[in-house]
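I've put the structures underneath this note.
There are two complexes below, and they share subunit A, which is joined by subunit B in the first and by subunit C in the second.
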Partner chain A sequence: MECVFGLVGDGFAIVAADTSAVHSILVHKNNEDKIMVLDSHKLIAASGEPGDRVQFTEYVQKNVSLYQFRNGIPLTTAAAANFTRGELATALRKNPYSVNILMAGYDKEAGASLYYIDYIATLHKVDKGAFGYGSYFSLSTMDRHYRSDMSVEEAIELVDKCILEIRSRLVIAPPNFVIKIVDKDGAREHAWRQSVQDVTTASL
Partner chain B sequence: MFLIGFLYLASQSVKKIIEINPYMLGTMAGGAADCQFWHRNLGIKCRLHELANKRRISVSGASKLLANMLYSYRGMGLSVGTMIAGWDETGPGLYYVDNEGGRLKGDRFSVGSGSPYAYGVLDSGYKFDMSVEEASELARRSIYHATFRDGASGGVASVYHVGPNGWTKLSGDDVGELHYHYYPVPPAIAEQVMEEAAAE
Partner chain C sequence: AETLQIVVSSSPVPSHANDKESYLWRSHTGGFGTTLESRGSCKRNQGIENQKKSERKVSSAVSNMSRRYDSRTTIFSPEGRLYQVEYAMEAIGNAGSAIGILAKDGVVLIGEKKVTSKLLQTSTSAEKMYKIDDHVACAVAGIMSDANILINTARVQAQRYTFMYQEPMPVEQLVQSLCDTKQGYTQFGGLRPFGVSFLFAGWDKNHGFQLYMSDPSGNYGGWKAAAVGANNQAAQSILKQDYKDDASREEVVELALKVLSKTMDSTSLTSEKLELAEVFLTPSGSVQYHVHSPESLTKLLVKHGVTQPAAETS
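Let's turn to the complex of A and B:
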C-alpha cells in the first residue's frame, strides 16, 4: 500500500513517497513525511512497518552524522548505501527490519545517484526504482518516458504522471504524496501533491 | 478493553486515562496490564529526566521514550495502543504510540477496537479552533457512538482537558446513561389502562 519511487536526472535525483500512515483499515494520518533528509546531500525514502521504518532510518541517519563528526568529511552516497545494506544484512537472520529504502544522493565526483535497497538487503545502483503496489504502475510509466538527461521540470512531469496513474489505477490508492529532490545545492523538499487535505466536514 | 486472541470483558469501570504526571496524560487501549505498566514506567523516566535536566520533558520526548521502549519489545506480544497528550513549551502536543513501535504526531486520534466509529463522529465535528466546551462534548459524543456500535467498548466516558497548567478532569459519564441523555425515551401514551375493577 505504501508507494515510494524515484529517478535520476541531469545532475539531480528525485524521490516521491505517499504520506499515509495506515493501520489495517484505518488511516491515522495523511501527511506523514516518509522521506528523511540523511544529511545535506542525501535523502532516504523508506516504506515498511511503522516502527521499523522510523527506527532504522534514524539509526542510519545518526551513524552517517557520527562518521562526519569523527572524520571531518561526509560519507559518499555509495558508502552510506552500502552501510545501510550491511546493517539490514546483519539483522536479517536474527531480528530483521521490514523496511524498503530508496537512497538518493549527490556527490561532487559521482554526481547524482539512486540506490535501491530492499528489506532483504538487496543493493542496486539504479536510474529509477520503486517499491510497493504503486511500483506496478510507476515502473512501466518511468520506463516508457525516462531519459537520463531529463531536466527537473521534465522529471517532475514524469513523477506527476506516475502519481496520477497510481491514484487512478490502484484500488486503495494513497491520496497524498511528497516529492523531494537532491542536487548540487543540497537535499530539500520540492512539493506536496495533495488530493485530500486535512479538512474535516465541520469546516466545510 | 480485551485480551489478544479472544474477547473478554473484565470490567466496565477501569480507568483508561492514566495520569503520567500533572501535565501529561496517557490513554489505554489494548492490554490493560501492558498499558498501566508501561505508562507508569514512562512516568518514572519522565521524572528522572526532570531531575537530571532541571526541566520538564517535552511531549515529543516522552512519547519517543515510550515508542523506543515498546519497539525494543516488538514481536514479544505486547499489546499497547496509546495516545500521549500533554503541554510543553511548544504548546499542546498529541502523539499516537503503539506496540509495533509506531509513533505519529497529530491533531486528533482515535485508538482501539471502536476507533473507526469514533473517527466518524470526531472527523465530522472537528475544527482546530473549537472551544473547550465544544471539544469536550465532541469527545464525549465520539466515545458514546463508538461504544454504541462496538461490543468491546463501554463503561465510562472520561473527558480530560490539558492546558498550560496541567490537566483537569472535566467529566466521567456512564455510557449507558449518556444514551438516554442523547436519545431520551418519549413517555409512552397508554391506550388502554388496566385498573382495579370497582368492587361489586
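Let's turn to the complex of A and C:
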C-alpha cells in the first residue's frame, strides 16, 4: 500500500513518499518517484491509481506553468492548492480521479505551507498530514514527536522514525522512500531511504 | 492614340455572388467607380467635377471607399482599417468624459455625467462608476447599455477567478480577460463591437495601485493618467503637463477636478454633473472603493475653486 506523509518545519516543508510501483502481487519497480516538482517552489506528493496519479499531477503542473507564462507571476501555494481541489471537485461527480495529494510549497509572504487534498476534493491546510495504510503509523508518530518550527535535522529524524515504524509494522511495507524538501531556496530532492535496490543480472 | 490599361492585382475577382462587390472601372480621376466612363461622359463629368470641387468635403474619398467595407464588422478595409471599431470610438468621443489618475496611495476616477435631470434618482443609479470586485472599480465612457453587458462580464470573470483560486484576480488579468472578450467582437461572429471605453482602477499585491484604459478594439494599456470620452485628447495633453509622480490622493483629486473643469463643455461645474470615486487601502490593509456623495463633492469643488465657470480659459 502506498505511503505518503509530510510536515511543515521552520521555513520549510518536507514530504516523503514510498517508491514502489505495484500491480496486484507484482512489484514493477521500487524507484518510482511519486513526488512531482510543480514549479520552483512547490511539490506534489501523490498516491493512488497510478494512471490517474500521473495524469492528474501532470495536468496540474502544466496548468501552473501556463499561468506563469500567461501572467508573468507564479501562483501562490494556496492558489495552486485551491485550483487542484477545484479540478478534483469538478471531476468528482462525473469521472473522478483516484488521487490523494499532499501539496507543499514556499511563498515569500506566507512562508512554508502544506495542503492535504484527498481524492474526493477535501482541502485542508495542515502542519502534518499522511495518506494510505502507512498513515496509521506515521500520523501517530508525528502527533507524538512533532513541534512547530522544527529544524531540518529534527524533521528528518521524525521522518526516519515514521519510515521505521511503517517498515516494521505494515505487513506489505514498501522498502524504499524518497524525501523531498521545499524552502526559500526552492523545491528539491533531499534524500532516499533504501532497503532494497534493483539488482541487475550482471552483478550476480 | 488610345491606350488600354491593364491593372494586375492580387485581390480576388469581384463577382455579384459576393454580396455588394461589383466590377470597378478606373475613372478619369484615377479612382475606381462602378460605371465605365466613356470619353464623352468623361468630359461632361470633368466639367461637373471642377464645379463641385470647391463644395466637396475632404472626407468624401474616404467615405466612398469605406461604404463598401463597413457593412461587415469583421473585415479589413483596403487601407488596413477596421471601420466598425473606429466608428465605435467615434461614438465614445461624443459621450461624457472620464478621467483616471494614479496617486501614490490610491487611484482617482472622475466622470462627467451627461444625464442631469432633477428627476433622476441619483441614490440608486450610477452612471459613470462601477465596482467590479472588492479591489477593482471602473469608469465608463460610451453607450451605457453596452457598458452594462461588459461590466457584468467583468464581474463574472473576477468571481470565476476567485472561485478557482480563492484569491482576488490580479487587475491586469481582469482587464486582459475583458479585452479578449472585446477583441472577439472585432474578429468573428458578425456582431458590432462594444461602444465603450473603460478606465479600470484597482489594487493587487503584485503591482499595488494600477490604472488601465481599454477601448472597443480590445487594446489596453497601463497608465499613470488617462482620459476617455469627449475632449479626451485635450484632457490627456493637460494631464501630460500637470501630472506628477507620487502625488497624494488629495493632490490628484484636485488635479482631476481642474482638468475636468477645463475640458468639460458645460459652463459651470456642480456636484450634480460629476461622479468622483477613489480606490485606496484602509489602515487595516483592505481595499476600499469610495464614491463621493454630492455634499462631499460640492465641498471639494469649493475648496479647489472650480465651481466658477472656467472664465480664465478662452
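The working rule: the second predicted complex is superposed on the first by the 200 of 204 C-alpha atoms of A that agree within 3 Å, B and C clash if a C-alpha of one lies under 4 Å from a C-alpha of the other, contacts with A are read in each partner's own complex, and residues count from 1 in each chain.
The rule we apply is simple: a residue touches a chain if its C-beta (ideal position, glycine included) is under 8 Å from a C-beta of that chain, and two chains touch if they have at least 3 such contacts.
Bear in mind the structure is a predicted one, so any value in this text is a computation, not a measurement.
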**OP:** Based on the superposed arrangement around subunit A, label subunit B with subunit C as either clash or fit.
**Re:** fit
Subject >> Partner chain in contact with A:79 - subunit B first, subunit C second, else both or neither >> reply: second
**OP:** State whether subunit B or subunit C is in contact with more residues of subunit A in the superposed arrangement.
**Re:** B
Original post:
Of the partners subunit B and subunit C, which touch A:26 in the superposed model: first, second, both, neither?
Top reply: first
Original post:
So, does A:71 touch the first partner subunit B, the second partner subunit C, both, or neither?
Top reply: second
Original post:
When the two structures are overlaid on chain A, which partner does A:49 contact: first (subunit B), second (subunit C), both, or neither?
Top reply: first
Original post:
Rounded to a whole Å, what is the shortest Cα gap between subunit B and subunit C in the overlaid structures?
Top reply: 25
Subject >> Common interface residues of subunit A - those touching subunit B in one complex and subunit C in the other >> reply: none
Original post:
For the complex, which residues does subunit A have touching subunit C?
Top reply: 71, 73, 75-76, 78-79, 82-83, 86, 109
Original post:
Quick one: in the complex, what on subunit A touches subunit B?
Top reply: 21, 23, 25-26, 28-29, 32, 49-52, 54-55, 198, 200-203
Subject >> Residues of subunit B that touch subunit A when the two form their complex >> reply: 67-68, 70-71, 74, 96, 98, 100-104, 106-107, 109, 115-116, 119, 123-127
Subject >> Interface residues, subunit C side, partner subunit A - complex >> reply: 163-167, 170, 172-173, 205-206
